[in-house]
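Multiple structures are listed underneath, in structure tokens.
Note that subunit A is present in both complexes that follow, paired respectively with subunit B and with subunit C.
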Partner chain A sequence: MSFGYYLLLLAFIASAYTIWAGASGIKLNRKSLIKNAQIAIYGQCAFVTLSILLLAYAFVTRDFSIEYVADYSDRSLPLIYTLSAVYAGQDGSLLFWTWLLTAFNALFIFVNRKSDDEFKPYVFTVHSAVTFSFLILAIYTSNPFKKLSPVPPDGFGLNPLLQNPEMIFHPPSLFLGFVGFTVPFAYALAALIKGNLSTEWLDRSRNWTLFAWIALTIGNLLGAQWAYVELGWGGYWAWDPVENASLLPWLTGTAFVHSVMVQKSRKMMKIWNVVLSILTFLLTILGTFITRSGIISSVHAFGESNLGTLFLVLMGFVVFVSVFLIIFRWSELKSAKRIEFLLSRDVSFLVNNLIFIVLLIVILVGTLYPAFSELFIGQQITKGEDYFNRISVPIGIFLLFLLSICPIFSWRQTTGKNIIKKLLYPFIVSIFFVFILFIMGVHHFKSMLTLGISSLAVMIIGVEIYANLINRMASKNEYFLISLIHVLKLNTRRYAGYLIHIGVILIYLAIVGTTVYKNETEITLQKGEEAVIGKYRLVYNRMGERRNSNKDVLIAELDVFKDFKKLGTVEPRRNFYRSTMGQIRYTTEVAVRSNLKEDLYVILASYQEDESATFVLMVNPLQIWMWIGGGVIALGVFIIIVHSIKNNKTEPKQVQTNSTIADNGKRKRRKKGR
Partner chain B sequence: MNKKLLIGGLIILMVVSYLFWSGMKDSSVYFLTVEEFFNRIDQMEGKGTRVNGDIVPGSIKWDAQNILLTFQLTDGKNVMNVRHNGVAPDTFSEGLAVVVEGKYENGTFNATQIMTKCPSKYEAKKE
Partner chain C sequence: MTISYKIILFSLIILYSPLWSQTGKLTGFVYNGSTDSSIVPNVDVNLLVYRGHSLIDDSSYTKKTDVRGKFEFTIPELDSSLIYYPSATFNSIVYYGDAVRLTGKLTSAASDVVVYDTTSNVDKIVVQLEHLFIDAEPGKLYFREIYIINNLGNKTYIGKHFDQQDKHYTLQFPLPDGFQDVEISTEEAQNWLKINGKSLYHTELMSPGSRQFSFRFAVPYKKKDWQLSRPIIYPIGAINIFVSNPELVLEGPGIQAMGDFGIRGTNYQRYSVQHLMPGMELILSVKNLPVKSISLSWIVLIGVIVLLIIGFGYTLRKSKS
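What follows is the complex of A and B.
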């Protein structure tokens, strides 16, 4: 065994010590033990960091005496992909996950080193318990440092499909999201154990939750982008079990970031928040379980291993502890307040949460269906894309509707008069907008609905900001621009939230464009022949070849014309990987020409002896807005996190009691007005 | 108040159940091996199925002009003819295990989709 493995053993001991010292420190109220536990957390992090660095070093130095290195790289692999190979396989990704766990815990105690957070010892102890479980896996079943004998002259090579820029960022981003949700989970358990079920645990874990959520969101989008550019079928989402696995925690995570606001403003949904944070954590584990255990046959064949059983044990344990604690604290968890009025933000959030849970159940059932059908009727029956689309599209449109009208509701109660006042103009404008779309040729019902609701959402937000702006300009006698800046600044959180919603709307638009208005054709061309798709005309010019460090590239050159104007050339390719060990010999590299309106997507599907070639041509309208939408969402979350860190610094004890976000803004405004 | 909430909740529940039911209805896709497929071939005519098998060496024919791919799928004993109006996916080659999705009509399996199983372990880590 190598040194890296012994480091993992040390980390294991350190995590065990942390749990013991943390738990007994809390019980005996001994400061020294709590302090030692924290030192051990830095120890865990240091050991695992060194261990993963050693693995990376083994990759860079092509140390094929380590089986994992030999399995996932070879001598011709470029440096950057050699490094990403660290988390390309099961054992390495588990080590990477463990490393992030220790890093988050170390970061947590470092950030809170001077904090008066009473939850702190509970949180880092629970967190260490999670790390402890993962270290067991890394040591017993998925040791990435396993030796290989005899040492092969060259490695097996990295799957060419993973040699792609998205694959450098997609897995870490996803893992950051998965691991990030350990912190709110640990806080939930801490609150349950401690018996302090005020909003404090939510306030303290808020930024961690938001960070995990945005990492998961971006991770999923990067995965979609990878599928889009690398898999060469022009799509980005296929309801594959592996995709669903990372969507499930996102759904509960999204429900959670919303329901937190209800408890903070209205002291309701206490149980709900505890359950959602625990559920999200469980689903991150379940996702890993689904993809690693081999219970679901996915297009992506995963190695079957006994890892599945251990994950199942871990999940079972978490469920057992959580249910026990929730029952134990039942009386404290019951909300003091009830929902009083139907027309209120309370209800709109409640419905939002229910819908996310429904979506979760639908996707969970569809994903696990093959396993259960095998179990009960001895025959694998899968649920195809059809099942998922048929259910999730109407639900998705309803969620968009909720998103669009949520700003007009206030907490507790909204008067009908108020709703009509805020809804009237946006509604008229949206109807008009849909009418124009209809004249322009948009006749697909669900598209019209989605676009109409989107415009309603944008209008409602616009009207609200405009009303605030006019008010302020009148009362303060300020210039337009100055007033605008003040209005935006005073309601930072609220408007950043709207910005995130705008990002979501952009993604909806991209989904409509790429699914309903997609244009696709397949054609075989001789040299000099042309093909037409949409407004584009493509002329197949020639076939060229290029030699790269680890692959030979076949390049087809096509000139692109639009309205008799040459726009440029596109070069769809096929990469032939020289490594002979791997099974996949070539990959198709699509050529994408993006603009704000649409993507022109060209695949070199096949070529013949006579230099004729078969192309798949696609026009994917609005595709780029999916990625832009992701950027907008990230920006919104970034603003919120920065704003809350800044606020915490200026007002160290900002305890939100019964205020709403909107009220909060108003109160601040009043304060400044004086 | 609680009455209104209850009614609203019931309506949502009903809509969701309807969606669920309509999604469950005829969206089942059987996942069979070539052998299982031929064992129940009389029920399989025209039904959405996924069939899992190996490509018979030498059976792949590619008609570039008509964008038509034909090949045979086998489990070692039975052989099934497959037609696909489209291009072959990456890594499509003789002897490889693939999954085809489509319908069996008049002695030929018309595949709408061909999925190649990544042969090396833990491939295509698309989380």
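What follows is the complex of A and C.
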């Protein structure tokens, strides 16, 4: 075994020590043990970091005596993909995950090194227990340093589909999301163990949760973008089990991010928050279980392995401990307050959570259906796109409606008069907007509904900002711009939240455009012939060849015209990847010409010896807004995190202390009562 | 040239033009290769028609050879994508001629079929060359054997019966005790290489000439040394032995080390043993094998679990006191 493997063993010993020292330090109230545990966390991180660096070094130096390196790279692989190959396979991705776990834990104790966070030892101990489990997997079932004999002269190469820029960032982003949700999970368990179920654990874990959520959001969008440009079928989401596996924790994570606000503002939904944080963590593990157990076939799946059993054991253990602790703390988890009025933000958040859970169940059932059908009738029956779309589209539209009207509700109670006041103008404008759309030819009911609700959401946000701005200008006698800056600054979190909502609306618009108004045709052209799609005219010029370091590229060149004006050239390709091991694998590389209105998407479907070629042409309206929407969401979350860090620095204890005192007071009273 | 000559010449061109006669002709003789290539009259000849690797017709064209041992088939419509194989059945054994493809340019062709008498005498069967690849993993040795076998005689070797079974085999390859995971190289070979007891048997009849096939298997071991003793059944010209693990040492009577040898970039230790005759034994001693031991990782796992139990026990006791 190589040195990298021994480093993993050392990290394993260090994680075991952290668990013992952390737990014993808490139990015996010995600060020295807690301090030692923290040093051991740095040790874990250092050992796993060195280990993954050694694996990367083995890839760069083409050390094919390591089986994993031989399986996922070859001599012709460019450096950037050689490095991304570290997490291209099962063993490497598990090591990468483990490394992120240790890095997050080390970062957690570093960031909180001067903090008086009473949850800290609990959190890093739980976190280390998760790391401990992953190290068991990395060492005993998925060792990436396994030797290969005899040593082959070259590797088998990286799957050409993974040789794509999106694939460099998509897996790390997803893993950041998965690992990031370990922190709120650890806080939830810490709160349950400690019996402090005030909002403190939510405040402390807030930024970690938001970071995990945005990483998972970006990871999913990057995956969609990869599918769009690399798989060459013109779509970006196919409800594949592995895609669903990363969507499931996103759904509960999104519900959790919203639900936190209710507990913070109304001291309700304690049980929801604890369960959602645990569920999100469990779903990150379930996703990995689905992809690695071989229970469900998928284009992405890593294939059958005994890893699935170990993940199942880990999930079982987490469920057992969590359920035990929830039952143990049941009385403290009951909310101090109850929902008093139906027309309130409290209810809209509760409905929001319920909708997310319904969507989760629908997708989970659809994803696991093949496994259950095999179990009961001995045959894998897969639920197709139709099943998922039929249920998720109306739920999605309802969620958009909730998103749009939520800002008009106040906590506890909103009067009907107030609702009418806030809703009237946006509603009238939205109806007018839908009417205009209808005249312009948008007759698809669900599209009109989505676009109408989207306009309602934007109008409600706009009207709120405008009202605040007018009030401020009148009361302070300020200029428009200065007032606007003050208004936005005073409500940074709220408006950053709205910015995230606008990002989501942009994604909805892209979904409507690309699914309902997509234009597609397939045509075979001889050189010099032309094809027309939408307002585009494409003239097929020639078929050329190019030789790169690791591939031969066949390029079809088409001139693109619109309204008799040449816009440029598109070059759909077919890449033939060479490998010294004798295999030739190819990928179809689409050509995409984007603008704010639509994407022109050209696929080289096939070609003949006489240089005639068959093309699939598509016009995907509003596609680019999906990626812009992702960017807007990221910006919104970034603003919230920066604002939160800044606020914590200026007033570090105010928020936490108030809530802690309040809740501690209640706990003491309850204890006295008993 | 007079007009009448021109008419005759034109008629001849028309008459013999392949453009007008798109039928084809396949002829050939059936010879007996066991008796100085004497012709074989009155045997059934069948024409097999293939498109690519698929047999599309095996019954439309059937003839018997005439007194001169000749057969002739007329193909009514030519198709250049079709391949024709004449096959003759002699002593209940089917023999094949060479492949023929008929096109608009080549409307007639010849393909002879050579048939043989049969024999159950194994004397002419020899192993011309054997390549033996050895690869060791802790606890398991992997063998891959490639055989080039020759029937040096002029009769088809029909083999022997399996003990108390109504099945024939032509070649026997004894496998070492404890063999497992036998893999036969091609799907086609899986039809005629069968395991029975402790041997692998070749069940196809052996007409004169050579053939090649390969298979692999594994043998578990426990100690650092392991020995293969295999009886020699057929004369063997030479065995090349390739060992991938550089630390392994191979010894045995007649075995010579030939230095390192690279195959497709992979380095092997090469050994050779030559001229083995039936009645002899091939003895291979493989030394310095990697032995399976309790790995460090399992020692660490057990150690960590034990220490955690002791540690938490200590903590609980301490907290109570």
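Just so it is clear, the second predicted complex is superposed on the first by the 648 of 674 C-alpha atoms of A that agree within 3 Å, B and C clash if a C-alpha of one lies under 4 Å from a C-alpha of the other, contacts with A are read in each partner's own complex, and residues count from 1 in each chain.
The definition used in the following text is that contacts are C-beta pairs under 8 Å (C-beta built on N, C-alpha and C of every residue); 3 or more make two chains touch, one makes a residue touch a chain.
Quick caveat, the model's predicted, so the values are computed rather than measured.
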| item | value |
| --- | --- |
| Which superposed partner A:G544 touches (first subunit B, second subunit C, both, neither) | neither |
| Touching partner for A:I13 - first (subunit B), second (subunit C), both, neither | second |
| Partner chain(s) touched by A:G195 [first = subunit B, second = subunit C, both, neither] | neither |
| Partner chain in contact with A:S24 - subunit B first, subunit C second, else both or neither | second |
| Subunit A: partner with more touched residues, subunit B or subunit C | B |
| On subunit A, the residue positions that both subunit B and subunit C contact, one per complex | none |
| Partner subunit A, residues of subunit C touching it in the complex | 135-137, 244-245, 264-268, 296-297, 300-301, 304, 307-308, 311-312, 314-316, 318-319 |
| Subunit A to subunit C touching residues, read off their complex | 1, 5-6, 9, 12-13, 16, 19-20, 23-24, 27-28, 136, 139-140, 149-154 |
| List of subunit A residues in touch with subunit B within their complex | 71, 88-90, 93, 156, 159, 161-162, 170-171, 174, 219, 223, 226-227, 232-233, 240, 242-243, 245-246, 287, 291, 297, 299-303, 338-342, 347, 351, 354-355, 358, 362, 366, 370, 379-384, 386-388, 390-391, 394-395, 522-524, 582-588, 603, 605-606, 608, 612, 614, 616 |
| Residues of subunit B that touch subunit A when the two form their complex | 1-2, 4-5, 8-9, 12, 16, 19-20, 22-24, 27-32, 48, 50, 62, 64-65, 67, 86-91, 93, 99, 101, 115-127 |
